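See the structures that follow.
What follows is a pair of complexes built around subunit A, which joins subunit B in one and subunit C in the other.
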Partner chain A sequence: MSRRGCGLIGLVVLILFIVGLAGGAIGRGMNLPNISILKVPTLEIESFFRGEAVFLTDGPFPITNTLIASWVTILVATLFAFAATRKMKIIPGRLQGLVEMAMEALINFIESVAGHKNGRRFLPVIATIFIFVMFNAYLALLPIYGPSIHVTVKSEIATEKAGTVVELLVHPIAEEADESIAVIETADGAREEVKIPAAGDFEYRVAVRESVSEGQPVAVMMGTTQAGTEVLAPVAGTIMELTVERRIEESEQPIARIDTGGEDGVIVVNSPKDKLGELEYDVAVNQPVSTDDEIAVLTSTPPLLRSASTDINMTLAMALLAVLFIELMGLTGRGFKHYISEYINVGELFRGMKLFLKGKVVDGLMASVTGVINVIIGGLEFISHMTRMVSFAFRLFGNMTAGEILVLSATFLIPWIMAMPFYGLELLIGFIQALIFGGLTLVFASIAVGHGSEEH
Partner chain B sequence: MEKWVYAFRFIGIGWYIALCIGGGILGGLWLDRHFETSIIFTLAGVFLGLVVAALGTYRMIEPLIKEQNDTTSGGKR
Partner chain C sequence: MNAEMIKFLAVGLTGSIGLLGPALGLGLIGYATVTALGRNPEARGAILTNMILVAALTEAVGIYALIVSIILAMVA
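Presenting the complex of A and B:
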């Protein structure tokens, strides 16, 4: 590339960096002139450990966005393999060459650890794990994943017991003084905003499409310093819009208190688990409700696709499969007796007891002590095999989730340019995690089979 | 390629130690709450977790130590 070309690219990068700096969170913090065309992603994760349900939300098996993402991964991997092997030639084309190279590297790696015979047996499972984890990680870097395409999910929150509504606990919150909280349309069609005098939570006293007269309270402040201060309507007219939403920002946040009147006293209704978003009440204070009445509707907008490995259920399922594969290989490779004696090793203990009963006290005691130690070691072996499952699941989940948050944070602070190095890092981490998940399964399986190093 | 095997085996050791100690603590806390004894089971759980973690770790690195001893004493495999 010519020097002018390099200079031009450098200039563009610099401009993008400066614009990003000014428009991102750092720029807003430094009160730089705000560039409103930039859409800064919000650092808000609705549910941390699992994907958000986007379809069939109320059914017994909700379809989560991570599940859809894993289907996409399967589809893309299949299509990729199909495209690469559709017209196979002796002298490979570019795509075929790439796939051949990758497969050869995988086969060499697996055979170098497990030996030729076992390596060929392990190859399908290990290669599947490797490819699936890597495709998951790489596809999740595409811009269609994460916060770009949203799905609107409405969940209804109902009360379990009948009673009277005592208090509605979620209040709209104004983030700064002079924020517009409502829009009033006057009789001659002009629109007037109602401004709040101070930041804090407040309660609306009017509803949309209600007409107000001049000086009528539109809202009342709830916070500690300004409590009770009324926000008055500046003009007479009709309320067109209440601009501040009631937001649910925590999982299982209390939303209403209901006095049942009976033994149960006052009960609290909570918002659903792992769902954040905008809340709209269907009831008012002092209104009687009966069992299973709808209290409110929560509108959340989770992304349609979210990296499949950021769901603990997915990584746990893979870990279960991997551990099952390892144990199965141990069972078939060594035979049932040898396999089970690794965990429950009581032969020496029984021998010691037999000697003891025969009257050889010292020998019997010695053998018994060794036997007890063997039993403990068997327990240790069992624990170490079971911890593999947890470590498999949490390692992949943790690394992938951390990567998502890292890229999101970088984009939040300085959009565009700052995210690029982290994308590069994510490419590396995706490969490494795939290698670790596949490699660990391979190593454990070859240890379980017990011929890990004999063949070479 | 023996090194690969060891390298991958050792990736899991940290998790093993953490889970043993954490499991011991959680189990101890649960027992303490269940039997309403203040701290005895928690301490016992920590201790048990530490012992299990140490023994298990030693067992995991045992082959490496053996090999090291073999090579330092001149014995070739």
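Presenting the complex of A and C:
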């Protein structure tokens, strides 16, 4: 590139940096002139360990955004492999060459640790773990993936004119009849659900933590055929939860009508443009409001995709698989007797007892003490094998989450430019974590197999 | 000293003390790597591979401390 081209790029980067510095959190702290095109989201840590449910939210098996992301990863990896091996040639093209090179490097790495015979046996599992973790990490850097820390954009909706609230227009909607709309806890601690008789929109007549008596209306049906039907509380108790939320499902949806009393008449307050999510009212009907009063808070919906490795369930599942693989390799590689004697090592103890019974008290005592120590060591061995699972799971989860937080805080402090070097770091970390997860499984598995061959 | 203050102290101390060990460990790894490279420059590839592996393992310990402090900040 020519010197002028380099200088131009440097200038653009510098300008972006200065704009970002002024518009981000640092600039806000220093009271620099605020640039309104940059919107810095409010950071809020929510569902740190798990993905947020996106589909089937109330069912027994909610589909989280991390789960969808892992499906996408599987799909992309499969398509990648398919594209690379569809038309194989003796002289490989670019894609085929890349995949062959990567595969060869992987095979060499595995064989250098586990040896030729075991290496070939371990290859499918280790390579799967490696490829899956790496694809997860790399795909999560794409802009369509939401940040792992739920960036809740809380928009506060205010009125432009003072007046009295006439009507709240966004109602909770029950999707089917007999849906549970509230949970009541009775005096003796039992929880009872309130069921709605028909589908449709309704309005709550009670608030959370309010106490209700039996037969008191909890909600009333609205615009459906059963308008006006009251939903009664089945038992007396305290309202613990109002399960159905108010949702904004289209841009600029009307949310409240306010009677200003003056020449403006009744005005309608709309939700902001292009913002969907959950709505929570701060006002009630017939409540007077003044100008710029906050009447509702809109909490944005979770992103559809989120890095799969930032879900502890995913990494734990992979750790379970890895530990199971290691133990299975130990079992098949060394035979049941040798494998189990590592955990339950009672041979020395029995020998000591036998000596004791034969009358050799001193020798028997010595052997028994060694035997007891052996049993304890066996227990420790078992615990250390199980601890691997936890450390596998938390290592991957922690590294990926920490990386996301790093990128996110860089974006938060100085938007646009500051995140770029961290993206480079994330590329490295994604590769290294894949190498560590696969490599440790490999090392543990080859140790588990190796012990036996030494003893034979 | 109220509960909130103690909570934030605990969060900060978990992070700082917990990261002390990995920091020392990373320093030792770097020291050992540079020494090994000086003695045997031909083995560069093997040394660097092992270094990255051990460095990432050491770093993971620091990440545990980070997770504990985040949990403290969120839950406690």
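Here is the rule we go by: the second predicted complex is superposed on the first by the 294 of 456 C-alpha atoms of A that agree within 3 Å, B and C clash if a C-alpha of one lies under 4 Å from a C-alpha of the other, contacts with A are read in each partner's own complex, and residues count from 1 in each chain.
Here is the rule we go by: a residue touches a chain if its C-beta (ideal position, glycine included) is under 8 Å from a C-beta of that chain, and two chains touch if they have at least 3 such contacts.
All of these numbers come straight from a predicted model, not from anything done at the bench.
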item	value
Touched partner set for A:T85, first subunit B, second subunit C, both or neither	neither
Touching partner for A:G439 - first (subunit B), second (subunit C), both, neither	both
Which of subunit B and subunit C A:A402 touches, first, second, both or neither	second
Partner chain(s) touched by A:I447 [first = subunit B, second = subunit C, both, neither]	first
Which of subunit B and subunit C A:V113 touches, first, second, both or neither	first
Which superposed partner A:L380 touches (first subunit B, second subunit C, both, neither)	first
Partner chain(s) touched by A:R388 [first = subunit B, second = subunit C, both, neither]	first
Between subunit B and subunit C, more extensive residue contact with subunit A	B
Set intersection of subunit A contacts, subunit C complex versus subunit B complex	391, 394-395, 436, 439
Subunit A-facing residues of subunit B, complex	1-2, 4-5, 8-9, 11-12, 15-16, 19-20, 52, 55-56, 59-60
Sites on subunit A touched by subunit C in the complex	45, 48, 391, 394-395, 397-399, 401-402, 432-433, 435-436, 439
Contact footprint of subunit A on subunit C as seen in their complex	52-53, 56-57, 59-60, 63-64, 66-67, 70-71, 74
Subunit B contact footprint on subunit A (complex, rising order)	112-113, 376-377, 380-381, 383-384, 387-388, 390-391, 394-395, 436, 439-440, 442-444, 446-447, 452-453, 456
